[in-house]
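Two complexes, one shared chain (chain A), two partners (chain B, chain C).
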Partner chain A sequence: MTSEGMRDPKHYQLGKTQFDPDLIKEVEARGGKNAQMCYQCGTCTAGCPMTQRSGLRVRTVMRKANLGMREVLDDPDLWLCTTCYTCSDRCPRRIIATDAIIALRNIATQEHKVPMSMIKIMGSIAKTGHGVPNSEGNMKKRVLLGLPENPPTTHTYPEYIKDINKILEVTGLLKIKEEMEAESQ
Partner chain B sequence: MKEYNFFLGCIAPNRYPGIEASAVKTSRKFDIDLQDFKGASCCPAPGAFGSMDVDAWIALGARNICLSEKEGKDIALICNGCYKSLFEANHRLKANPELKEKINSILANIDTEFQGSIEVRHLIDILYNDVGTEKVKESVEQPLTGLNVAIHYGCHLLKPKFDRTFGSSERPRFFDELVEALGATSVDYKEKMMCCGAGGGVRSYKVDLALDMCNEKLYNMVQANADVVVNVCPFCHLQLDRGQVEIKEKFGDVYDLPVLHYNQLLGIAQGMNPEELGLDAHEISVEPLLAKIL
Partner chain C sequence: MDEEKRIGVFVCHCGTNIAGVIDVKALAEYAKTLPNVAYAEDYTYVCSTPGQTMIRDAIKEHNLNGTVVAACSPRLHEPTFRKATEEGGVNQFLFSMANIREQNTWVHMEEPEKAMQKAKDVVRMEVARASMLEPLTAKTVPVEKAALVIGAGIAGIQASLELADAGIKTYLVEKEPSIGGMMSRLDKTFPTLDCSQCILTPKMVDVERNPNIELMTYSEVEDVSGYIGNFDVTIRQKSRYVYEDKCNGCGKCQEVCPVSRPNEFDLGLQPRKAAYVPFPQAVPLKFTIDMDSCIKCDLCKTQEACGDLEAIDFDKPDELVTVKVGTIIVATGFDMYDVERKEEWGYKVFDNVVTGLEMERLISASGPTGGNVIRPSDGQKPKSVGFVLCAGSRDQDEEDGAKPYCSRVCCMYSLKHAHQLIEKIPGCVPYLFYMDIRSFGKAYEEFYYRIQNEGGKFIRGRVSRITEDPITKNLTVTAEDTLLGQLLEMELDMVVLANAVVPAESTQKIKTLLTLSNSPDGFLLEAHPKLNPMSTTTDGVFLAGMCQGPRDIPDVVSHAAAAAAAASIPIHRGSVTLEPIFAIVDQEHCGGCATCIGLCPYGATELNEVDGKLVASVNEAKCKGCGTCGSGCPSGAIKMQHFTNEQIMSEIEAFAQGW
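Right, the complex of A and B next:
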């Protein structure tokens, strides 16, 4: 342990790796209930359909989160979970590992480490109310089915979109979106 | 006539309107009126949006719920992603006073308050638990005898099971029973409960990996001699249907396996014509399937 790491009793360091004991508390507070109960049996990784085709290892994510290794927030594989919840339904400790991963993603978002593909979906919702908005080709399909060109959603009633933007504003997401868009240019 | 506010979400109205139209038409046969839900938005997408901020995801879902609360109508929906967003937001806010206070403090900015006065139901839940398989069977005019159906439940309908009402997420039966009520056969296939690969924002983040998962599912379905894959989620539907075009381009694997939402299969069985169910708008032709049963 370096002398630098010793100075802050809440923040330990081994080699280049930092250990932050508050990380797991934050994960639990953000919805990853009982994440500290993980005993590393590996049932999550064994049943994960993404494990065999990528670097995502749920057990490793859980271990790093419990050890307070904030580097897990920089791992691009953190965003490969399809949130199928197979690991969560099978966990013998009744930890909802998927929600722990989502909590880690929420923390990563606060640090501007969210993929731009997610920010784009937010942009679409902010603009139209829909993550996947209508298209001209689709409007024709709708009319052929006897449906109106646009559904009776925010597409027909855009006056509701301002409420959506207000929620994005007060939760701080709109600011993150704007800052990340500026950073990426 | 039981009335619901029909929550459409995004993919059904904006990519596969046949799913929207078939839900409305088939439900009328059971005295269920799926009505226009004015001002609803994206649920919002649980994988992409929940991953950015769970509180904002719940607050935006609650905005949709509160619109329906004002009209005093329960919500019915036809998408597992929308189900995750709205069912969980409704359930969590009803069960957790602290969370309700926190979300209501966000909603106060748009002069809205979550009350907890309505239910959020997936149409498949309404069909199975309220209508029942017997009545579904009685509505059939064109039995789907000899049709091999690979059922895809979709993850967020059933999981996490502690936050759902359907019981087993490993070996559920209710969807199979609803398909069998139409005269079709539900075929068992390897890794039947596996994810389609699209969720969690993965389809927009790393489409090759999302499709690789879908490829495995499609292969397993075809190995079991499936004539069609039937789902209850427009996002899984898009991944399984348009995904086959992308899988062919990227990996060279060809399945030509038709994909239907349950409401479209129900519509065929109730004697509706393929055009009014929007089947001609699918990427993968449903002609082989229609030739087999009509």
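Right, the complex of A and C next:
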């Protein structure tokens, strides 16, 4: 076989299926320890509180990431993990699947594949320091319980919001947010 | 050295292993430039017949009196080239090996230039060493015509029977009151479904009857000293508080004994008395009194019980017995993984979660329920039973004490349990939660088909959690059917955890006594994983069965027979050759300070009075040639043969000359 006839090992196309073998390496490098060790037992999915409530299937995410199916980055269910780490606690391969999901989210964010609902939450964090800011109803309940209206966070100390914005800026999130908002217009 | 040194250097290509990285011809040419080198040559495989002939012929043709082979690790082929050197008419200890494969071309294949430099260094050093080597004579010692087998499960039983049939006096030591081990607890055995008792008990009886086997049950190895051919073994025969020669196994003591406690043999599923045999088919059928629970009511000694036999004596002490053997076989078996540590499965919390071995006793005709499988919470027959495979196997969670390896028996015994449940309880459906079914043995895959055909259900997914209904005691098993990608929450009557096989706790003591090692999995380390799985690195000590790693009964029996064959070789040969690589003490210079006595890890050094003066000496057979004593000796009176200070210094000097 001539060299022209060989497939590029980096991004090989097998018929209609395309795999990227570097995806899982990136997931591992970003903290998804041992992700390549997954043997697809499904302990993660069966223990996951979101399995019954959403389309998130941790085992399937791990499978797609391992094969290098980049479509996993477009999966909106990726964003429904509550990061409770039950999957990681029970994994017989000592894979921290939660961290692998966080790594995939980070890659997706950089590729502008983060859902717009998350961008909205990002905007809320930039504005108030909270993904879910305090509400009027919540304030009333707090007072009834003998608590101050606002918790001791940026709600009480708004001067720290600018520092949170600094984090968003340094990590490049603000830029991604602006670019994505511009794209969606 | 009076005689002029004429050394031959032989550089091996090892196919492309070495020649693919460095220039072997240039290395041979380089060797010719070294002092004392009279001849140098390279060849594709020096270990082959033509290669060895080349060494022999070169010795004669070029009148060589020392050889160096630059090739693989001495662990692999030092014996080969020593032999070739000896056949050429030169003392085999005038050969030295330069490792340019394992420690060079294999690890430095990305840096061929540096690898070449290193190969030159190593060859130069070995040539220097070969110039300093002294001829030595191997010693032979006689071998005691007896063997010791530690552990009397199926492995120890098989090994003992083989040894005894080969005419060798065999001491079989078992720590429990009866022989039989784990296999005696099993009901039927996969895949043929012959009952364990039917195939094991006849062997147990054979052991008791064989005139060449001296059976020591309820006994433990206390101490081992000596070396291959001449081991002195001290065995503690724990007191049964019953004279074995007087006890006729009538069981009257057991009938009158008022004490009740869980029977270890049945994993506590039924009680036993303080005067007991672990199971009715025990060998020897001699009663034991468990002094930890005996209340000394003396009922067992009355006329209605033991009476005139007078077999019971509460003051009977332990006895220490010393035997001399030529070889030892370790057959100490395994333990089961403490699956309680996997909290998500609720073992010992939920009544109806049992282990595979407990299921074995529940299903066994000789078990506490007479083979009627019932669930522990209410005694009802279970109609749906879940099996959790790989319960603690193939699991990297060290915090839970789980094991990364495959236990090799759980798939098959769970399939067998599934078959037995279908057979015994009409309408019962077994659900096997698996990741892979490993049915690798002869007729195993066929057995898997059979269970599928009988209606066993296979769910590819690992159980994440088990919960219990506090009223019905039914269990809800949560798992993903990974083939459907669907979450399952199944209410089952009972769950069996097919827990992992783990190294036996009791093996630790034996390991220390015999200076054995273990592999990273915790099982005892064999001499070679493929070509010598029944030997150890301690000469004269062999391994049989599960103590070396998980295996099923056919493999245990084969392994045990192999160990017996290996252990009988030195005995039948009658003598063994010992490497002359041991330390010798120059008693004129020895100050008797005893530093070496404390340093020797093998107990080979001793202090004796010679001509009114305390001096050290080394037991040549016990010495392993580690050299610790020599490096510690303050007066430099200890010489390590074949690794003398001069020889080692010559290597260091030769190394320094290249830089």
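Here is the rule we use: the second predicted complex is superposed on the first by the 147 of 185 C-alpha atoms of A that agree within 3 Å, B and C clash if a C-alpha of one lies under 4 Å from a C-alpha of the other, contacts with A are read in each partner's own complex, and residues count from 1 in each chain.
Criterion: a contact is a pair of C-beta atoms (placed from the backbone, for glycine too) under 8 Å apart; a residue touches a chain by one contact, two chains touch by 3 or more.
Everything numeric in this text was worked out from a predicted model, so none of it was measured.
Peer 1: Name the chain, either chain B or chain C, that contacts more residues of chain A.
Peer 2: B
Peer 1: Once the structures are superposed on A, label A:R59 by its partner contacts, choosing first (chain B), second (chain C), both or neither.
Peer 2: Only chain C is touched by A:R59; chain B is not.
Peer 1: Go through the superposed model and pick first if A:P49 touches only chain B, second if only chain C, both, or neither.
Peer 2: Only chain B; A:P49 stays clear of chain C.
Peer 1: Which holds for A:Q40: it touches chain B only (first), chain C only (second), both, or neither?
Peer 2: second
Peer 1: Identify the partner contact of A:P92: answer first if only chain B is touched, second if only chain C is, both if each is, neither if none is.
Peer 2: second
Peer 1: After lining up the shared chain so the two structures overlap, which partner does A:A182 touch, if you call chain B first and chain C second: first, second, both or neither?
Peer 2: In the superposed model, A:A182 contacts neither chain B nor chain C.
Peer 1: Chain A residues touched by both chain B and chain C?
Peer 2: Overlap of chain B and chain C footprints on chain A: residues 94.
Peer 1: If we count contacts the way the header does, which residues on chain C are in touch with chain A in the complex?
Peer 2: Residues in contact with chain A: 344, 390, 394-397, 402, 435, 460-465, 478-482, 485, 487-488.
Peer 1: Please give the residue numbers of chain A that touch chain C in the complex, ascending.
Peer 2: So the residues of chain A touching chain C come out as 34, 37, 39-47, 51-52, 57, 59-60, 90-94.
Peer 1: Please give the residue numbers of chain B that touch chain A in the complex, ascending.
Peer 2: The contact residues of chain B facing chain A are 8, 10-11, 13-15, 17-18, 20-21, 36-42, 44-56, 59-60, 63, 106-107, 109-110, 112, 155-156, 159-162, 169-170, 191, 193-195, 197-202, 204-206, 209-210, 212-213, 216, 275-276, 278, 281.
Peer 1: For chain A, which residues are in contact with chain B within the complex?
Peer 2: 30-31, 49-50, 53-54, 79-86, 88-89, 94, 96, 98-99, 102-103, 105-106, 109, 114-115, 117-118, 120-122, 125, 129-135, 138, 141-142, 144-147, 151-154, 156-157, 159-161, 163-164, 166-168, 170-173, 176
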